[in-house]
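Read from first to last, the chains carry the letters A, B and C; within each, the first residue is number 1.
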Amino acid sequence: MKARIAAAPYLLWAALFIIIPMGLVGWYAITDMDGNLTLDNFSASMRFAPVIGSSVWLAIIATGICLVIAYPLAYMISRKSGIGQRTLILLVMLPMWMNFLLRTYAWMTLLENNGVINRLLGMIGLGPYEMINTPGAVVLGMVYNYLPFMILPLYSVMTKIEPLLIEAATDLGCSPWETMKRVILPLSLPGIATGITMVFVPSVSTFVISVMLGGGSFMLIGDLIEMQFLGNAYNPHLGAALSLVLMAILLLCMVITDMFSNPEEKEGLLL
Amino acid sequence: MTKKQNSFTSNLYIFIVMAFMYLPILVMIIYSFNDSKSRGAWAGFTTKWYADLLQNESILTALWNTLIVAVISSVVATLLGTAAAVGIQAMKKRNRELIMNFTYLPVMSPEIVMGVSLMLLFVMFGVDFSLFTVIVAHITFNVPYVILSVLPKLRQMDKYLFEAAMDLGCTPLQAFMKVMLPEIMPGIISGFLIAFTFSLDDFNISYFVSGERAQTLPVLIYSMTRKRVSPEINALSAIIFVVVLTVLIITNLNDVRKEKQLQKGGRRG
Amino acid sequence: MNNTNTLISLRGVTVEYDGVVVLDHLDLDIKDKEFVTLLGPSGCGKTTTLRIIGGFTEPSQGDVFFDGVKINDVPPYKRNVNTVFQRYALFPHLNVYENIEFGLKITKLPEEERKKRIKEMLAMVGLSGFELRRVNQLSGGQQQRVAIARALVNHPRLLLLDEPLGALDLKLRKEMQIELKRIQQQLGITFLYVTHDQEEALTMSDRIVIMKNGEIQQMGTPTDIYNEPINAFVADFIGESNIVDGVMIEDYLVEFGGRRLPCLDGGFGKNVKVDVVIRPEDWEICKPENGQFRGIVKSSVFKGVHYELMVQAPGEEEEWMVHTIENHPVGSEIGLILTPDDIHIMNKMSPEEEAELVSALEADSILEDGEESDEE
């Protein structure tokens, strides 16, 4: 059928602005400033292993915290009445519609040395505490910004769990805890996998939260990449190699969540 | 645990998480009326930051840029994406899967990598950063979302509808306009809205392709937070929050009303 | 066949998908104002035949003629043919009136004429007053009527119907069968009807075409096909049958079930193995001592109008299915008599053919012919 031709403009667009740019990243990663083939960029990337490691570590912590906060919340929302669910989900989504820079900026106001929290603590004779420019502040920023990305997929799988199933489990002798473990948790695994990806990807690649709440002294892989293209360290070849490293990390994350969400495929992967 | 206690704990928990999500925003709104440059101390009520904001040339320019980029890029992305979805749906399974795989690429890969890759492209071919480059970038990351929201509608559509239209005398083009388009319209509209909001909100990609002269609002906000503390940002946040809240409430009320009408209609029929 | 009033001719039409032959050199003529049914199990090529005529599928080989003109390359929207689709394919964004009006608007018929025709059509299908209803608020039977009206309002020369009653319940299906026949006779339009339901075919058709594996098995009037099935496949597909092994001793004499009985068939040769087909309602029941066969009633099931008995003689292999109006209790002994015209002799099926028959009859699904299998 001729209908296939309708995809042609998109295919052309994607080739020009997705495939070729990705190819350029690959090309830059394996060449030096003079255009010679080299693997130096990757070995140089390895010098930043501590930065890469701490990016991954902070992103894992932030993702874990999001999961712990979001899971019970999503479950509770999913057991509310229709209007209650609607309103609460709207409340969850509302902050997402505000630019994340503004939300992060709000936390700067709160966490600064002479910020709102320290002033309030000062009134009752505590502090001041050094809160901003710490890894904790960066994790807080990630959790705050990306929490809705964890709540929404969890909520959407949980609303699909029929209340009858839970009643049936109770009827068959499950305590509330066992019902959670044996019925609700297995059924919500796909939502967990999606949520983890949706929080981990932006967390591990952010270059703004670390600058605003980490004070710039505290670097993540996203900051490294940004510096190579727009910062003082200008070296797009190294930046391209770092980008590929970041992609590889994310690919690994997706493979892991896939294994975790689909036990049948897991067998295939292990064999 | 009794049911009552249960719902009390759950309500309390929901309240705490919501407080975590909204307190920072609330604090910003309060401080947007604070008559002091410093962020901590309260020095009396003022609306001067709002007045300053509205006279700030660079903010107004950035706002204008943002809107132009959002409108153009979401319209183009909707056209490209809808056509693409129709084409992809008509393909054989293997080609369809192949194309869907690289359609997912921009959705799944980190925004910074996409920003960087487009920056390299423009630098390589000597294209100066301008609104044009920003628009191209936005179209690129928006098209997949349009495709992903139109495709399910096409899949749900009774595949004989198209043939039925041809059977009744439509040329293929007429059949598309008169039958297919109305069927997939909800998907096209939601794809457009997603594209529009993503475009309004994007910072990570715009940052790499906007240069000095084509700053969008998020890019400008970023440079403002880097230079010095400006209470105008608080005012801006407050305004954006109120606008978003209003839009969401209106659309939501609209949805509820439509649903009620539908229920009534259902009972009548 | 009288060539002057032939409306549609298929000549050597073959359809292949990825090397799978769906239609194999099909020749078919449909006369003007005829009600023809394509009947066969799923996958037999009947829907593909319909789609060839509608213009939705291109033949890999062969020609299609409409009124003597070759129409292979004519797109569907230029053919004077309309289709009633399997699951109706009504346009959900339009109401009943707009659905029926659709084709007339495309051909730019004046508004007045459109109104008149739609009114007539709605009256004919019994949906006057439903103009402004949304189509998804209608029942299955009502949707069916809209689909028929939407097709017929364009006054096609030929109406194609693709298992149009498949989604309806039994009672509604029976009503619609009678109604479709009435509409066809009233309008004098040629109907080409596709179904896998033999009863539907027998009720409505002037002529039935029985298909299997992309080939025509038999064409004829319902009576011909029922009474003189050409092979065991047709016999078993049309109605229920006892099919047993037999030997043609000589012309007009057959041996089966341990008896030699006179029959009306000849020309098979002497001592040739054959299949013997006996319709369950053809048995005559008598006292045990008067029967050609005698046996014990093993089971008896009431089927609404008749009883279905399974009868077997002690020590004999064959079990006979017998339909009778009068019940005989399980365990009682009865006699069975056949007259020569009750015995139908068929060429022996090969074991493969037999296996195919069994699987075709078991495949009870309403899944469509060949080409749809590549969809998910």
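Methods note: contacts are C-beta pairs under 8 Å (C-beta built on N, C-alpha and C of every residue); 3 or more make two chains touch, one makes a residue touch a chain.
From a predicted model like this one, the values you see are computed outputs, not experimental measurements.
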Can you give me the shortest step count from chain A to chain C, moving only between touching chains? 2
Would you identify the chain whose C-alpha centroid lies closest to the centroid of all protein C-alpha atoms displayed? B
Once you count every C-beta pair in contact for both, which comes out on top, B-C or A-B? A-B
Averaging each chain's C-alpha atoms to get its centre, pick out the one most distant from chain B. C
Which integer distance in Å separates the CA centroid of chain A from that of chain C? 60
Rounded to a whole Å, what is the gap between the Cα centroids of chain B and chain C? 55
Distance between chain centroids, defined by C-alpha means - chain A, chain B (Å): 18
Contacts from chain B onto chain C in the complex sit at residues 92-93, 158-161, 163-171, 174-175, 178-179, 182-183, 265, 269
Give the list of chain A residues in touch with chain B in this complex. 1-11, 13-14, 17-22, 24-25, 28, 69, 72-73, 76-77, 79, 86, 88, 90-95, 97-103, 105-110, 112, 114-116, 118-119, 144, 147, 176, 197, 201-202, 204-205, 207-208, 211-212, 222, 225-226, 229-230, 236, 239-240, 243, 246-247, 250, 254
Show me the residue ranges of chain B that touch chain A in the complex, using the header's touch definition. 1, 10, 13-14, 17-18, 20-22, 24-25, 27-28, 31, 38-41, 80-81, 83-84, 86-91, 99, 102-103, 105-106, 108-114, 116-121, 123-124, 136-137, 139-140, 143, 147, 172, 197, 201, 203-204, 207-208, 217-218, 221-222, 225-226, 233-234, 236-237, 240-241, 244-245, 248, 252, 256
Touching residues (chain side chain C, partner chain B) in the complex: 54-56, 75-77, 81-83, 85-87, 89-93, 102-103, 106-107, 133-134, 137, 150-151, 154, 374-376
